[in-house]
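Following this line, the structures themselves.
Okay, so chain A shows up in both of these, paired with chain B first and chain C after.
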Partner chain A sequence: MVLGVKATHWLFAYLAAVVAVTLLHEPWLLAALLAVAFIASGLSRLKILRRAVLAILTFNLTLSLGYAMVAAWQGNFSAHYLLLVNLRVLLLAYLGFWFVSRVNLIEACRFSPTLSFVVTLAAGQIEAFSRALRDFRLAFVSRNAAAPPLSARARHAAAQAGHLLDKSVCMAAETALAMRSRGCFDDYSNLPPPVCGRGAGREGSPVWRPRRPDTATAYKKP
Partner chain B sequence: MHIPDGFLSPQTYLPAYAAAGLAWAWAARGLRRTLDEETVPRLAAMTALAYGLGLVMVPIPGGTSGHALGVAMLALLFGVRLAFLAYSLVLALQSLLFGAGGITALAVNALAMGLCGSLAALLTYRLLRRMNETAAVAIAAWCSVLLPGLLVALALGAQPSIAHREDGTPLFFPFGFAITLPAVVIPHLFIGAGEAVLTVLVWRFARARKWCSA
Partner chain C sequence: MIELTDIHFAWPDAPAILDGVSLSVREGEKLVLLGANGSGKSTLLKLLNGLVQPQSGAYRYGGEEVTPARLKSGEWTRRFRSEVVLLFQHPEAMLFNPTVRDEIAYGPRQLGFADAEARAERWLAALGLTPLADKAPFALSGGQKQKVALAAILSLDPRVLLLDEPVSSLDPRASGWLVDFLLDCGKTVVVSTHNLSMATELGERCLVLGEGGRPLYDGPLPEALHDRALLESANLVHRHRHRHDGDTHAYMHAHTHAHDWESSR
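For the complex of A and B:
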């Protein structure tokens, strides 16, 4: 977290900055803001700039070249537009990467305990899925000396998707069991706030608490 | 298919956020009502699944490949609400963590791919399943790619007329419908075919395990 300011406040400041940037249409102003952000982002500025440039490079290069060709052909080419759009996209990407490099995204979602919980679980599972898919891809490449036919590639894609599906359904069941065993689904709504531990007596405590179960859809026997 | 940050005008993305906000509230409410205490872990797992499916390469005739969208698969297996929420979360994570898509384009991307894509898939499937289930799944998956592609092309193509200077110079995306429609829709005709094959294969696998809700 930056300067002791709550991560949620940084999230809203970032969102406000994004909207403000899209309301500006002067390249010099966007360049000045980019320079300010570059200076303010500290020692990691070059790393953030590199990430931002790499993230936008392909699309912006294609679009800029396409625009230059079409506009030159139609006789209404504007260097001002090219500068404006590239600076705006770079500034937005820079702000985004600066935000995530300084602020813990999960902390920033604390305004909604459910959202925070989902993001925490999903981020962990995304890592596991990415690793599994990388392994699948490497295994497929190592098994095929020549370019594989379309049917083999389709079967490989289906095997990957089927594995992910299988894993995600198992993960959902496992996580639900783990949460239940740790008391996450216990209904505390009629109890006073906790008096000890992290976040004691504070609104939005770290323990995720569901709504009081509805009588019609209450606890199902496993 | 994602629209990147900085190419949509505030006149487009702010109303889109309002519409997406209503849709997210609808999906979250319905989800809480229909599912029990497994909602949160299930939503997290589906978010990770939607992300993972986006990494699977769909083979396209001619030796190339594109990324799967996976939204038809999610919608057919787990319903529109879960598919929409999971897909929206994935788009948010992708835009914040990897710079793919973007915060300004999030609402349009989520509405086009997450909501309209999954609705198109489910409605097409329900309409056609009596004739031939496999064909219904394939056409549903194809529609779930093509319709979002069309909507994204329309959103981008409208930008020069929505936001421009007095001399007509665009302020955001520079190309009109004449360029965006063929440039986005034509490749998605083929990507949709790859997605259809993938969805049918996974659908059979899921049916064997009795996971289908559609």
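For the complex of A and C:
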């Protein structure tokens, strides 16, 4: 939490800033906002800027070059537009990285159990995949004394992609089973509170409900 | 309490993983499922938890058959879910709530128990997890995740604990705690392992599954551990070289007790 403001408030401030940035159409204004955000983000500003630039570099470069070529061919090239688009994307990326570096997203989404649940699942997956990717990279480094040929890199990338895909499918299936095991997909809404000799039940709905009662179907292993 | 009769199960487009398993577990009994990797231990536990259904055979819990129709919903399912719980082999599969406290309270909340929060606090304290209560479960170490997953199922105050390789990611101290807990808890326990050194600590009776999920033995655990032919056919013994002051020899053997070094002192 930053400056004693609740994480949820920061989330809404961030969302408002994103909307505001998309409504601005002057490059100098976007540049000024970027400068303000850069100064306000404290000691980690250079790290955040580096991450933001790296995150958008390939995509923006490809898009900008494509636009420049097509626009030049059609005779309506606009440097103003090119600058506007790139500054906007950079500012949005900067704000995003600044936000996640300062605010706990799970804490910020606490106001909604469903949102909180989805963010936690996503964060858990990201964590597991980050570890898997790191292990893959380190294993590749440890087995290559010299720079590996392009074919080996391609094979490694393909194996890595295949493994991650398999892992994600297996994890999703196993998590669904674990959720069902604790009553997640069963609908008890029309039942009285439980009386299993462990105290009376409570009023209210559980954390998670299936959208349709008939989603409680037999599990099939992929 | 639990009765399986001639259970056959196979995943779609795959060979049988459980082939003619029959089993009866009395209330309060501690049963160890022994088998090599791929012998169907995890599948059998999922079946006992009502998560997968056999292609043939019958599963009865408390004298009532567990069928897809009965598991659809209703009071029976809620009772079953709170009485029969499963600790998954990989605890990550069970952890999907924002904080450790929410994770432990999830089951009781979901099943509608009024004292869900009190149960969470009790099990946080019992497993020494109180300092981690507000942390995100996925950010914990492997052993801590296992403890959170265990607390998450224990908070339902179940009658039957199904544990899939519960000590695989625990350090020796946590494993010791779990063994003591299982001995003292008075609950019915079905626990799977391929670790023979832990098996004797986890229960008094065992079901040995061979390749393809064929049951090879059902009886007292010590007798199984002394039956070399049985252990070989279940792939539970191995062969490697031993070195003794320059002399090297190899033979089929199992490491059946982790505390052997104590008696040699």
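The working rule: the second predicted complex is superposed on the first by the 121 of 222 C-alpha atoms of A that agree within 3 Å, B and C clash if a C-alpha of one lies under 4 Å from a C-alpha of the other, contacts with A are read in each partner's own complex, and residues count from 1 in each chain.
Operating definition for what follows: a residue touches a chain if its C-beta (ideal position, glycine included) is under 8 Å from a C-beta of that chain, and two chains touch if they have at least 3 such contacts.
Only a predicted model underlies this, so the values are computations on that prediction, with no experimental measurement involved.
Touching more residues of chain A than its counterpart among chain B and chain C is B. Within the superposed three-chain model, A:133 lies in touch with chain B and out of touch with chain C [touch as defined at top]. In the superposed model, A:183 lies in contact with chain C only, and not with chain B. By the document's definition of touching, of the two partners only chain C reaches A:106; chain B does not. Once the two complexes are laid over each other on the shared chain, residue contacts for A:147 go to chain B alone; chain C is not touched. Contact with chain B, but none with chain C, is seen for A:22 once the two complexes are overlaid on the shared chain. Looking at the shared chain after the overlay, A:171 reaches both chain B and chain C. Shared contact residues on chain A (touching chain B in one structure, chain C in the other): 117, 119-121, 123, 128, 171, 175, 179-180, 208, 213, 219-220. Across the interface of their complex, chain B is touched by residues 15, 18-19, 21-23, 25, 51-52, 55-56, 59, 63, 66-67, 70-71, 76, 78, 80-81, 84-85, 88-89, 92-93, 96-97, 99-100, 105, 114, 117-123, 125-126, 128-130, 132-133, 147, 150, 153-155, 157-158, 160-162, 164-166, 168-169, 171-173, 175-176, 179-180, 185, 208, 210-211, 213-214, 217, 219-220 of chain A. Residue ranges on chain C touching chain A, taken from their complex, read 11-12, 14, 46, 49, 51-53, 68, 71-75, 77-79, 81-83, 85-86, 88, 90, 92-99, 106-107, 109-116, 136-139, 152-153, 156-157. By the touch rule above, chain A contacts chain C in their complex via residues 106-107, 109-110, 116-117, 119-121, 123-124, 127-128, 171, 174-175, 177-184, 186-188, 191, 193-194, 196, 198-202, 206-208, 213, 216, 218-221. Residues of chain B touching chain A in their complex: 4-10, 13-14, 32-34, 36-49, 51-53, 55-59, 61, 63, 65, 68, 70, 73, 77, 89, 93, 95-100, 102-104, 165, 168-172, 174-175, 179, 194, 197-198, 201-202, 205-206, 209, 211.
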